[in-house]
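Below, chain A partners chain B and then partners chain C, in two separate complexes.
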Partner chain A sequence: MEQVIANGFYLGAQYALIALGLTLIFALMNVLNFAHGQMYVLGGFITYTVYGQLGLPFVLALLASGVTLAVIGALMEKFLFRTVIKRSLREESTMLLAAATAFFFDAVILLIFGEKQRGVPKIVKGVFNDGGIIMPYDRMLVGVLALVFIAAFVLYMQYSRVGRAMRALAQDRVAAQLMGVKVDRYTMIGFAMGAMLAGIVGGLLVTITGVNSGIGGPISIKAFMMVMIGGAGVVGGAIAGGFILGMMESVGLTVLREYGDVTYLVIFAALMVFLSIRPNGLMGKPWG
Partner chain B sequence: MTHNVKIASVAAFLAIVFIAVPVLISASGRTDLYYTLTSVALLSIASAGVWLTFYIGRINIGQGAYALMGGYVSAILVVTYGWSFWLTLPAAGLFCAAASVAIGLPILRLRGVYFAMVTLVLTEVARLLALALPVTNGAKGMVSIPLPGALSAFGLIIIPDFATLHNSRLAFYLLAAALMVACFAVVYRLVHSRIGKLCQSLQQNEELASSIGVNIAYLRVIAYAVSSFFGGVAGAIFAAISQSIYPSSFTVTDSVNFMLNCFLGGLGYVFGPMLGTLVLYFGWDLLFQTGQFQLLIYSTLMIVLMLFLPNGLLSLAATTRKKG
Partner chain C sequence: MIDRRSTLKSMVLGAVSALAMAAAGMPSAEAQNKELKIGFVGVTSGPAAAWGTSNVRSMQTRAAWINETGGVKIGDATYNVNIVTFDDQKDPKRAIAGMEKMAQEGIHYVVGPNVDDGAAAVRPVAEANGIIYFPYAFPKALYQKPASNAVLGMIANYQSGPAIYKYLKENKGVKTIAFVAANESDPLSQRDGGVEAAKALGLKIVAQNDTYQNDTRDFTPVLTPIVALKPDLLVLSGVAPANAPLLIRAARELGFEGLISTETAQDAKVLEEGAGEYANGFISVGGASTPEIASDAMKEFVARYTKMFGEYNDESNTKVYALEYIIDTLKANPAAIDNVDEFKKTMDTFSAPNPYLKGDAKLSYVGTTSFGQKRQLAVPMVVNEYKDGAFQTLFVGTVD
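So, the complex of A and B:
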């Protein structure tokens, strides 16, 4: 059982980091970024290229993933989402745009990197084993790194000037604008940060699970679920949702093993029941 | 539009669908187009359902679940219980409508992205259920479903046995097109009725609507049930055409596509989903020649379209009419 809980924590840490980026973009723009999973995949492939192919240090590769995705995110916000939000009569139209960009990334990734499963050499070798819990060191390192990034993100949002501006935007866009917050600029920064987080997780996880061009969609769906469990647009909620989903997966896969492949069925069904009782998730704002 | 123009355009549309298209296809000999057009007709039925949920202000990404459910209900009734296909068609629709009432009562309280996400999850649940339930035959799916048999009433054969037909593709096309016309007639009638006006009030402000005395819970369940009915019927015919159904017949991608059809055609127009489906499906087919660049070009076009016509293709017609 200790093993199951340790796995759950490890999964939860990375899931939470994925969900953070999604929830940040949602909080600022009310856009559900369908392309989040594809951004993750792109980040993974960039790390694969820089670290796996070119043989440069892993830190550099991670940095490259983050920076590239941040730039892409900023451009997407400035040239695509901002324009459509301005011109569209209904807010939901951004969903079509988001879905289209998801397809676009899928196509680009497929063209550039091909459809093969890619992996990179381990960053640290060896396995931690104290009799009860067995966990490879690289998983522990990735888990810890994910926690560090989460902590850094939360601190940044809480104490920096940019973070404060973004929180104000998420609370009330018009009021923030009236108080002199440069709305357009901080929305762009927020989108870039969300994309960057997706890229960084992709870079981190390519060292363990590898990456292939088809996993973007499923990752997006998982990220949506975590965001919904915690409540859309709330940082704390995304972290909680990530850990809850990670734990449920880990426990479910062990406990329900004898009933066949029903873990996800149970999780999904539980989520639907949970949301019909508590429509805003754990800590979401009403109708966010 | 005056009354006469309306009648004329409906007549023209019917003539194109039921006379011009079969004549043109038999003249050009491209019978494969029947299959494409049948798919368009069926997908636009399902999309019309999604559109109806948009009309009450809900983003529905769960239509794939009902299409899958409808397909399985029809297939199981035909294969296991030996029902006639023509009986299973309404049965599939009603089953989906009943299921959607049970599911909709709790989840229609959700709004915005929450509803969208729950319906997305619903699509996955349907797929996983189809994999897990014993009656659906798991991942192997249901195969070799017999073609629809004859339908007769009072000794008069209304629809001949599809298996004996020389050209079952044409028969399926006519069936799908007829159903599509019927569905859009229903949606049009619904939207231009008292209920339609009430639904529009839901789309704008539910609290306000309910404070004036609109029974919002009842209305949204009705709209959702009609929507799911369409999904179920479309799925049932799809199963009959391909003579098979698998858990992966309708997935999240299909659910998303139904929604995209509505967006592309325009959310403010009853016939938006039909146009959107036609354009998306044919666009995708036409781009097949570009090989590996198919998805790239397709998605780029979609992004560009969204940038310049974010309110859908039909908004183009609306603005020119306003200016002219």
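So, the complex of A and C:
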């Protein structure tokens, strides 16, 4: 059972980091970014290219993934989402735009990086085995790095000037604007940070799970589940949602294995019941 | 007013037009040839894109090769081969639309679909429109009477599985076996076939209900309980090439020391990148490109594919065959070019040299034992073992 718990914690750390960027964008703009998974995939392919193909240091590759996705995110916000939000009163317009960008990224990634699954050399070799828990060192490192990134993100949002401005925007956009917060600027920074987080986690996890052009959609779906569990637009909720989903997966796959693939059936059923009782998730909205 | 700029523009346009007209009037080998359209309906996008992409690229590589060398002579006419493609996105509804498109274009020979439900869905369209199609899907009903228009393009798991398990039982001392499959129709049916084959061989099955979502990225939780059972052989039923390295790596990292195999084709580069040395010893079913058995034609095919698309895919070792069979059967009976009944008649007696294998191997239609009629391509059943970035031939089997 220790192994199952350890697997759950590791998966939870991964998932929480994936969900953070999504919930940040939702909190700031009320936009469900369907392209979040594709941004993750793009980050993975950039790390694959820089670290796996060009042989440059992994840290540089991770940086390249983060910076590239931040730039893409900023451009998307400035030229696509900002325009649509200003011109359309219907909220579904941004959802359609997000879905369109997801399809667009899918096609571009397939065209550039091909159809094959890609992987990179392990960043740390060896496996920890104390007789009860087996955990490869690279997973432990990735788990720790995920926790570090989560902590850094939370601290940044809590104590930095930019973080405070974004939290103000998330709580009340009009009030923040009246208090002198530059709405367009901080919204763009927020979108760029959300995209950057997707790129970094994609780059981080390419060392463990590899990457292929078709996984963007499924990653987005899992990220949405975590956000729904924790509460849309709440950083703590996304983290909690990630760990809950990771633990449910790990325990379910062990306890329910004799009944076939019912783990996700149970998770979805539980999610439906849960949302009917708490439609805003564990921590609900607004963020604060 | 005519100025210098517009005069120059007129001269350039005139020159381009003259060149274009001259080019159009010039006789070329390709322009004189008729066009033979061959269809492809399969998955070239989404998570399963690797299956269809290797398929269609194999066809495009071979077609370009044929066209470059003057086309193919069928009866009295010479044809250039034109591959008409349709991405069904692994959706049966789109597969039907794709097959209807092929019918509208007057195409009689179609390669694909790549999965069970798509192959079953297109059957009525193919039969109503006189189309012979070559699925990479295993349900026997597609190939048994009264069905007659589908021809299995590869070795089925219920043909390769028993051969692999028997070999491992006799040569590697395998006594216990565990199965794990994605929760989708193809892998589950392949798992069920594998379980039956293992039972028939007297192997002890220690796990057969374990499944996973096809989009799983971390297989450690899936494999933790299976590895604890310590089977001699872990079978990854119907595993997609994208998932194979992840499953292998997770199993080995959890301390699994037994053998791992699958009955689907895999790619050595994907295994090398995703699992590294953990993939050594992994057994899968391939085609004809291992050095021990590949002919010069196969080597040239691989070189041309690599040049055309930047990187070869080992899955194409089996997928190179369908177009070859279509063309060679049409060459054997030119009346079949627009008459699939003639094609079916020829299938019973057809035989031609296999250009992709060393020695005197033959292309022929098989399947009598499995389907009661010849509705399968005789693709060599090459069982490979992965070792340090490449496949080595473990043994070569046949299907009748």
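In this section, the second predicted complex is superposed on the first by the 285 of 288 C-alpha atoms of A that agree within 3 Å, B and C clash if a C-alpha of one lies under 4 Å from a C-alpha of the other, contacts with A are read in each partner's own complex, and residues count from 1 in each chain.
Here is the rule we use: a residue touches a chain if its C-beta (ideal position, glycine included) is under 8 Å from a C-beta of that chain, and two chains touch if they have at least 3 such contacts.
Keep in mind that what you see is a predicted model, and the values were worked out from it rather than measured.
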Touched partner set for A:Tyr264, first chain B, second chain C, both or neither: both
First (chain B), second (chain C), both or neither touched by A:Ala100: first
Touching partner for A:Leu60 - first (chain B), second (chain C), both, neither: neither
First (chain B), second (chain C), both or neither touched by A:Ile133: neither
First (chain B), second (chain C), both or neither touched by A:Val108: first
Partner chain in contact with A:Gly214 - chain B first, chain C second, else both or neither: second
Partner chain in contact with A:Leu275 - chain B first, chain C second, else both or neither: first
Interface residues of chain A shared between complexes with chain B and chain C: 106-107, 110, 217, 260-261, 264
Chain B-touching residues of chain A, taken from the complex the two chains share: 26, 32, 34, 80, 83-84, 87-90, 92-93, 95-97, 99-101, 103-104, 106-108, 110-111, 217, 221, 224-225, 227-228, 232, 260-262, 264-265, 268-269, 271-272, 275-277, 279-281, 284, 287-288
Chain B residues touching chain A - in the complex, by the definition given at the top: 54, 59, 106-107, 109-114, 116-118, 120-122, 124-125, 128-129, 131-132, 252-253, 256, 259-260, 263-264, 267-268, 292-296, 298-300, 302-303, 306-307, 310-311
Partner chain A, residues of chain C touching it in the complex: 44-50, 53-54, 183, 209-213, 215, 217-218, 220-222, 224-225, 241-243, 245-246, 253-255, 267, 269-270, 273-276, 310-311, 313
Sites on chain A touched by chain C in the complex: 3-4, 7-8, 10-11, 14, 52, 106-107, 110, 114-122, 127, 129, 134, 136, 139, 205, 208-210, 212-215, 217-219, 249-250, 253-254, 257-261, 264
